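Given below, in the form of structure tokens, are the structures.
Two complexes come next, and they have one chain in common, chain A, joined by chain B in the first and chain C in the second.
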Partner chain A sequence: MMLDSETTKTYTRPISKAWWLRDRGYFNRRYFMFLLRELTSVFVALYVVLFIYELFLLTKGQEAHAAFQESLRSGPFIVFFLIALLFALYHSWTWLGLTTKMQAAGRGLVKIGTKTLPPIFVALGSYGAWLVATCVIAYLFLTL
Partner chain B sequence: MNYKEHKSEPFWWGMFSQGGVIAALLIPIHIFLCGLAVPLGLIDPELLSYERITALLQNPLVKVYLCVLLIFPLYHAAHRIRFTLAEIGLHSLAKVLPVLCYGGALLGTAVVLYILWVLF
Partner chain C sequence: MSDLRTIKITVLRYRPEEEDEPTEQTYEVEFRDDWVVLDALNHIKDHIDGTLSFRWSCRMGVCGSCGMMVNGEPKLTCAAMLRDYYPNEVRVEPLVNFPIVRDLVTDMTDFMDKLKAVKPWIIREEEKPVSEGEYLQTPDQLKDYKQFSQCINCMLCYAACPVYGLEHDFVGPAAIALGHRYNLDSRDEGNQQRQHIIASKEGIWECTYVGECSVVCPKHVDPAEAIQQTKVATTTNRLKSLVMPWGNKK
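Here is the complex of A and B:
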């Protein structure tokens, strides 16, 4: 965006830094859920960094790996993974749900002939893909 | 926001989008299996044993899969964190945040590639 308030003298309403908690004296659920949605990315990043660290430990040998696996059984790690899982699920839910909005907007994503598929089917398709991916990974992880 | 769009901006948006899809489809089951199911003893801990994982990592397809799983979501997170930090009040850092966030993702990419293809 190229909004130059210096030259155009546009009035910008001062916004409190805690706008997502309290906007003009009120709690706005939409703002709060928006920030929670953005916050999911922090947990995704933390999980990925932890995963990379575990890969690194594997290169350090069996003992380093086993010691870290043991510490993953501790309470704080379990709580972290539980919270990270909830945020990851919220990310999946909101991100895949976006396909509904894309389908509803403009000419839509998926068409059959000249007809635009109703958004609900596109959502079912993307949530279905999530289910399939989840099952395939779980199957490979348990059986490979 | 008083910044001009850099010409690399579409690339970061694209990576954000790719990473969002990959994180949405793949991350929850990984967190559940490796972070909860094994540590809580719901499934056999041997599934994450040193021997099994190092054997799996001999397969190049597993390495490629891990690259996709780990690298794209880093860009996704970098992009969201960049904009969210600006939105919760760090407007003054609007010029530095992209460098820090995308730089972090690039560094993460290098580390993943190094671990998987040099150390293993």
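Here is the complex of A and C:
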């Protein structure tokens, strides 16, 4: 219905700031999970800030760095690291899961000849690459 | 015929000549087992309250006219069975994220403008004469875009999309999916003409992938898939044009 906006008195319903908790009277789990995914970035960013600060302390000498590392072993930091880890896993898992969206059965972007590679292979490839990269980084951290 | 049962239907009413904001009105409707929400609305209009306004046409999930919020979810009311809600109350509201014109009727102008902007038709750089026949297509080429051509413009995806609700400049799921449908069509040559809308900040890059558009789509068009595919294709083309500026940029 096309309207003349100058002569028609329409009503636009406002959106609450807490729409992801209760959108106009109803809870939608997917909205909540989406916002949770967005929130993961905050924890990842905080972790990166901590990491950069730790690198900065290396320039202040071994003693300052060791003292800071010791403080990271305290309860609140461990709780923070656990939350950051869970959020990072959740974000990575859902982000890599998007690869199936670009590779829907029969009309995906990755093709072999004229045949579309089944989405499961693309997803497995993404998760596999993630796992390998994680193992390589973990190995480097634990051995170097 | 099964026994009649009575269900409460609460409808959001907005009569601009009488009130400044919407109010609620509850009706008690006797329904049969095979009634959908649209049947109840038609029953109210025909037998209880003739002033109730809503939009509908085909009653078979094809025209896309009867989209409304049913208990908070965007639904085609011709496909929402009352028995699935009974004995609870059913609450019917106009599609959210659109201005309300009257009762359950919303203003579609914004969607229609965006739909037109993505040029959802076949564009040829040069039309060949009719005497040369049709533009032929293989079944595999048809398969590339067929799913996205099933969109019935019901706008449920816009009502489900919080990004569109918060950022009205967003081109939105259905318009992008339909633009993508023509970009994928082997007969089309209009990709470049659509890119400045689809690949803009207000296009695919505004989407933060909530994914609800695909969940509510009654025709399984999966607009989220169209958006993600376009993001990958656009990025790949951009990289290709940087690495191989002499290559084909289409």
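FYI, the second predicted complex is superposed on the first by the 128 of 144 C-alpha atoms of A that agree within 3 Å, B and C clash if a C-alpha of one lies under 4 Å from a C-alpha of the other, contacts with A are read in each partner's own complex, and residues count from 1 in each chain.
One rule holds for everything that comes next: a residue touches a chain if its C-beta (ideal position, glycine included) is under 8 Å from a C-beta of that chain, and two chains touch if they have at least 3 such contacts.
Fair warning: this is a prediction, and the values are worked out from it, not measured in the lab.
Novice: Is A:Trp20 touching the first partner chain B, the second partner chain C, both, or neither of them?
Specialist: In the superposed model, A:Trp20 contacts both chain B and chain C.
Novice: If you stack the two complexes on chain A, which partner ends up touching A:Ser92: first (chain B), second (chain C), both, or neither?
Specialist: first
Novice: Going by the contact rule set out at the top, does A:Tyr31 touch chain B (first), chain C (second), both, or neither?
Specialist: Only chain C; A:Tyr31 stays clear of chain B.
Novice: Could you look at A:Thr114 and tell me whether it touches chain B, chain C, both or neither (first, second, both, neither)?
Specialist: In the superposition, A:Thr114 contacts chain C only.
Novice: Applying the touch criterion given at the start, work out whether A:Tyr47 contacts chain B, chain C, both or neither, answering first, second, both or neither.
Specialist: Touch status of A:Tyr47: first partner only.
Novice: Counting residues of chain A in contact, which comes out ahead: chain B or chain C?
Specialist: Higher number of touched chain A residues: B.
Novice: Once the structures are superposed on A, label A:Lys101 by its partner contacts, choosing first (chain B), second (chain C), both or neither.
Specialist: In the superposition, A:Lys101 contacts chain C only.
Novice: Applying the touch criterion given at the start, work out whether A:Thr8 contacts chain B, chain C, both or neither, answering first, second, both or neither.
Specialist: Touch partner of A:Thr8: chain C, not chain B.
Novice: Can you list the residues of chain A that touch chain B in one structure and chain C in the other?
Specialist: Of chain A, residues 1-3, 5, 19-20, 38 contact chain B in one complex and chain C in the other.
Novice: Hey, which residues of chain C end up touching chain A in the complex?
Specialist: Touch list, chain C to chain A: 14, 16-17, 20-22, 55, 69, 71-73, 93, 96, 99-101, 105-109, 112, 140, 143-145, 147, 162, 165-166, 184, 208-212, 215, 222, 224-225, 228-229, 231-233, 236.
Novice: Report the residues of chain A in contact with chain C in the complex, numbered from low to high.
Specialist: So the residues of chain A in touch with chain C come to 1-3, 5, 8-13, 15, 19-20, 23-26, 28, 30-31, 34, 38, 98, 101-102, 104, 106-109, 114.
Novice: Give every residue of chain A touching chain B within the complex, in rising order.
Specialist: Residues of chain A touching chain B: 1-5, 17, 19-20, 35, 38-39, 41-42, 44-45, 47-49, 51-52, 55-56, 58-59, 61-62, 65-66, 69, 72-73, 77-78, 80-82, 84-85, 88-89, 91-92, 95-96, 129-130, 133-134, 137-138, 141-142, 144.
Novice: Which of the residues in chain B end up touching chain A in this complex?
Specialist: 1-2, 4-5, 20-21, 23-36, 38-40, 43, 45, 47-48, 50, 53-54, 56-57, 66, 69-70, 73-74, 76-81, 83-84, 87-89, 108, 111-112, 115-116, 119-120
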